[in-house]
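Each of the next two complexes has subunit A plus one other chain: subunit B in the first, subunit C in the second.
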Partner chain A sequence: MANLLSLVQNETLKVWKKKRFAVIVLVLLVLIPIFVYAQLKISQNNAAKFADWRSVVQQRITDNMNAIASDRIPEEWKKWRRSLVQQLQYYLDRDVNPDTPNAVTFTATFLENSVTMFIPLMVLAIASDLVSSERASGTIKMLLTRPVRRWKILTSKLIALTLYVSLIIPTAALLSYLIAGLAFGYEGWGAPVFVGFRVNGTAIETSSVHAITQGAYLLMEMGLVWFSAMTVAAISFMVSVLLQSAAASLVTMMAAVISGAILANMASSWSSAKYLFNVNLNLTSYLQGTPPPIEGMSLGFSLVVLAVWGAVSLTTAFAVFTKRDVLN
Partner chain B sequence: MAEDSKTESEFDPLPRPPGRASSKLWPILGFTMLGCAILMLAGFVWSLKDAWFPSHGMAVPEPSASARPPQGDWAAKQELKAIALGDSLTRGMGDRTGDGYVRDSIVKLNESLGKKVRLLGNLAINGLTATRLNQQLEQPSYASSVMQADLILFTIGGNDLFRIAQSGGSIAQGGDVSPERLKAKLPEAKPRLEATFSKLRRINPYARIVYVGLFNPFYDVPEARGISETIAEWNAYAQKLAALDGNATVIPTYDLFESNAARYLSSDHFHPNEMGYGRIAERIDQALN
Partner chain C sequence: MPEYPHAPNDVILSVQHVRKVISGKPIIRDVTFDVRAGEVFGFLGPNGSGKTTTIRMLVDLIKPTDGKILVCGEDVNRRPERALRYVGCIVENPEMYPFFTGWENLEHFARMQPDIPFERIEEVTRIVHLDKRIHDKVKTYSLGMRQRLGIAQALLGKPRLLILDEPTNGLDPKGIKELRAFIRELADQGMSLFISSHLLSEIQLMCDRVAIIARGEVIATGPVEELVKQAGSYTVWQFDKPEDGRSLLEGSPEVALVRENEHRIDEAYLNGLPGAIVALMDQRTIPEWIKRFAGEGIGVQAVHKVAPSLEELFLKLTEGESVG
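So, the complex of A and B:
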């Protein structure tokens, strides 16, 4: 056990020394102010046009209803808009502002928007060359000649990866909160959010809707983002074992993640696409209550799909890594 | 030297990067990461619990007392608030600039009244019928938007009479609308308009209500010219409702589209174009000054 711990320590510090985490923090520090500025412009614009948030929400409802009334809008977009209208109406009827601009809501929105692309990309920055870089630089031989079982080496890498994924998401949330707070103020943890909207055909079921605090919502959201990030990490881990070159594994994983985002937008009629992992990454949408990209997807379904993909990937990674000959 | 021998004596499977920093870094980094991992796992489990076994959740604040409607005296006010409701005419369909008569008339009123006129929102929906508008006015949130206005601009009834609700104005063929069928629709549509007027007045006792009258877009089609008779009857009825109300105005538009249909109608031959909306806006401006 002590043996494994020092292996994990070693792997964690190796990644740290490669300054991967520093790069992630740097990227966040550059991007978040840009998003904060954009959000600030939107809220200033709204404040100038509308005296009251209710008018803003009512206008959003009207705009969406106009889109629903139009013949040119595809049916699946209408479905999405219908559920949005019903949700906004639910907020309006209870006199709760669904998008108060503050640091907490900003952070929640930031996480929602980054769960399919941005967070996976940051995970890839660490995961994609975890094994393949050792192979490329030849240090894999130094590793394997030590009197340690191979599975232990791979396990230590996996644990280090898990730790980093667990670190990335709170770091992103914290930075987003701190930077957004400068513009919008740091309050808002106790404001109510409605969760539990169930999409049922064209209607939204509100029987199990209940209010939770923004703080609780943010924590749940981070947990869901973490789960999908872990799946990406596991698959990327396998790719990193299978492919010799770090660049090749990075490109493979990026292609997979990006194609998922594209597929989610267009695959509604190809229903077996719902078994692909990259279409299921958007777990936070279930919390928000937006309709899933493909009929028949639900929180449980997506979790199972992601878990199966993760488990198969890890099994493959271990099977290959412990058996394979390491040449030159 | 002493430190080196210490690390050598421990079992160390890999050449650890040398340096003091890493020995301090590991406990901090390790515990932070472990803490984060536990936090993430807790959030994940909680989200599952909340999704599948929801608790009652926190109490939601009761709806606050609705904003008081503004008082009627325009002269005493620094700023007037306007709201637009209704169908595609209010939405501005056919106007390539997207302004419609609503934004045009707000701009004109800003100048002519000498005070700021602010548009609270354009809540018009393409294809809306009077029945649907009356349903919407029952919603507290919709009503609260109407309640704050000093000026209510609206159009309704076109879809009730012409029955083109879903096609968004694609009936370029005037033959589709027979004057007789239109006339037959009139008796059932009238009470809906009356309901709209009375609902608006009940929600907002002080606002000036401006109803933009209907017109016959098919005046240049000989077979459909008979529609004008029904339109005139409808507008007269609206006029009657406005007179009963006392603080409402009906803006006549039918004359604009009789001889100048080609100039003022958009390509769908049903909705006005930007020039047509501009003329309607002028009339609203004239009526309110």
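So, the complex of A and C:
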């Protein structure tokens, strides 16, 4: 019996030698400084205009109030702005700066913004051709004619994928922290963040709001990002089993992820769209208390939808991979 | 030293009434044959006859619709994790991971089998003469080197049965010769080899026994020489005075001349022999005939014994079928 551990070693090594992870790190190293620079400009701008952070928050509240009063803004947007105002007010009342520019808040913001597109794309860089590349290059004929059960081979690939996904997120966070620290300093782990905002109709419920440290907040965020990244990985894994060509599976998955971001932005009145996996990827928004894109979505709901999509994908992948004839 | 201890007549691979239907079409109708220990078994068929599909069923890439395939008594499709331990194979081209070195590729496949020590990887590397380049990336290898790496990979687990699918494809004549010697050496050590090809000449040079497949059915199985004899062999003459030579041959009742459009010799081969006369005759009488021509003042430039093409053999075999 070839044991599972050596199979996982094989699969991990293959992804590594294909330099996929190196590409991901490289992309992060190029992009993060750009965002850090943008953030630096914003802070400098604010610092020049306002002596006190309270005035910045007050200004944002006023801006949003004006928008709410306007007739030309659709009702969905108003709802979002109203909850934003309430949150900002909450921070102001408790004398906590929600936007302290430091490496930790930057990292948290970076993860929030990358959960729907950037992280899934990096996951796809590894997952999309995990099986289809073996088919395209013909190495699948070598792989499947060794004395190992097919489900074991697929399991080893899945474990390797999980390892890499679990590595991507801390790497992204770490790089972003290290690079942002150069500009903003490495402080900020203990700063308070308020979580537990709950959207209830048009109002924000603050009864369960409590403060946690920025560090704990970042950790929770990373957990949620991991969950949504794993769902993307599982679906992409299935597509990679089903489709012969690596390019086809990458394009299919990118289309799915991007269309999710577009759908979520349409603040849709099409309520059954909430069962699509791609509109549920933005799990971190629940932490901040942003109203969900579609009525009736909550953190629990999204977790269940994603889990179901992931489970169905993996079942399909295993069923097909273990039974299908290798004809080409 | 026999490395693969098995009595010579043990059946290593047994294929029993295998059928395969792919999307409603019967690709393999009935394939049955046995491969014994220490023999080189040829699997001959034109392209599209079901050769590749059969090979893929032997190594569990395709599940048969019906029938059974046993390797050393283990069912390949039910218990691949046991049966495939005895098998080394290269299906079509030897596809290895180009981003790995040769050595990393061998390590990769060694990890997929039980108990392959480090020394065995070194050993197979030496067997296929890749020691100098084994730590280079496979993407820098030539086709011949990839082929050898493929064979090294197949030999890792000391298989009882080695399956090679069209192994001479893409090799130069020197490489083909080396491969033939290598195959014989392995068979002498007691390994069974299963070699597919669409070229009769190749099978003739390499194999002890052969199964011939056409339209998804095995139409003949037996020792190679016997099958070739059944098909008959041509004698091709070249004279300095072709007309005189032809009339002398025509005069004899034991010789049948074959007209230009009726024989089944490779066209490319005949084009290299201008003015050649193709005859069917007892080849033991060739020396006598040469004397006769010399006596008549006709110079014999060349005599060739030419094996019929695969198509010819098929024709004979299928003729025999319809008569018998």
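The rule is simple: the second predicted complex is superposed on the first by the 325 of 328 C-alpha atoms of A that agree within 3 Å, B and C clash if a C-alpha of one lies under 4 Å from a C-alpha of the other, contacts with A are read in each partner's own complex, and residues count from 1 in each chain.
We adopt the following convention: a contact is a pair of C-beta atoms (placed from the backbone, for glycine too) under 8 Å apart; a residue touches a chain by one contact, two chains touch by 3 or more.
Not measured: the values here are computed from a predicted model.
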item	value
Contacts of A:Q244 with subunit B and subunit C, given as first, second, both or neither	neither
First (subunit B), second (subunit C), both or neither touched by A:R149	second
First, second, both or neither for A:N45, with subunit B first and subunit C second	neither
If touched residues of subunit A are counted for subunit B and for subunit C, the larger one	B
Touched partner set for A:Q58, first subunit B, second subunit C, both or neither	first
Touching partner for A:N10 - first (subunit B), second (subunit C), both, neither	both
Partner chain in contact with A:L219 - subunit B first, subunit C second, else both or neither	first
Contacts of A:D71 with subunit B and subunit C, given as first, second, both or neither	first
Where subunit A meets both subunit C and subunit B, residue numbers	2, 6-7, 9-10, 13-14, 17, 142-143, 146-148
Interface residues, subunit A side, partner subunit C - complex	1-2, 6-7, 9-10, 13-14, 17-19, 137-139, 141-149, 323, 325-327
Subunit A residues within the subunit B interface of the complex	2-3, 6-7, 9-10, 12-14, 16-17, 50-52, 54-55, 57-59, 62, 65-66, 69-71, 89, 92-96, 142-143, 146-148, 162-164, 166-167, 169-170, 192, 195-196, 208, 210-213, 216, 219-224, 226-227, 286-287, 299-300, 303
Subunit A contact footprint on subunit C (complex, rising order)	22, 56, 59-63, 80-85, 87, 89, 91-100, 104, 108-109, 111-114, 153, 157
Subunit B residues within the subunit A interface of the complex	10-17, 22, 25-26, 29-30, 32-34, 36-37, 39-48, 50-52, 54-64, 67, 81, 91, 118, 120-127, 139-142, 144-145, 148, 166-168
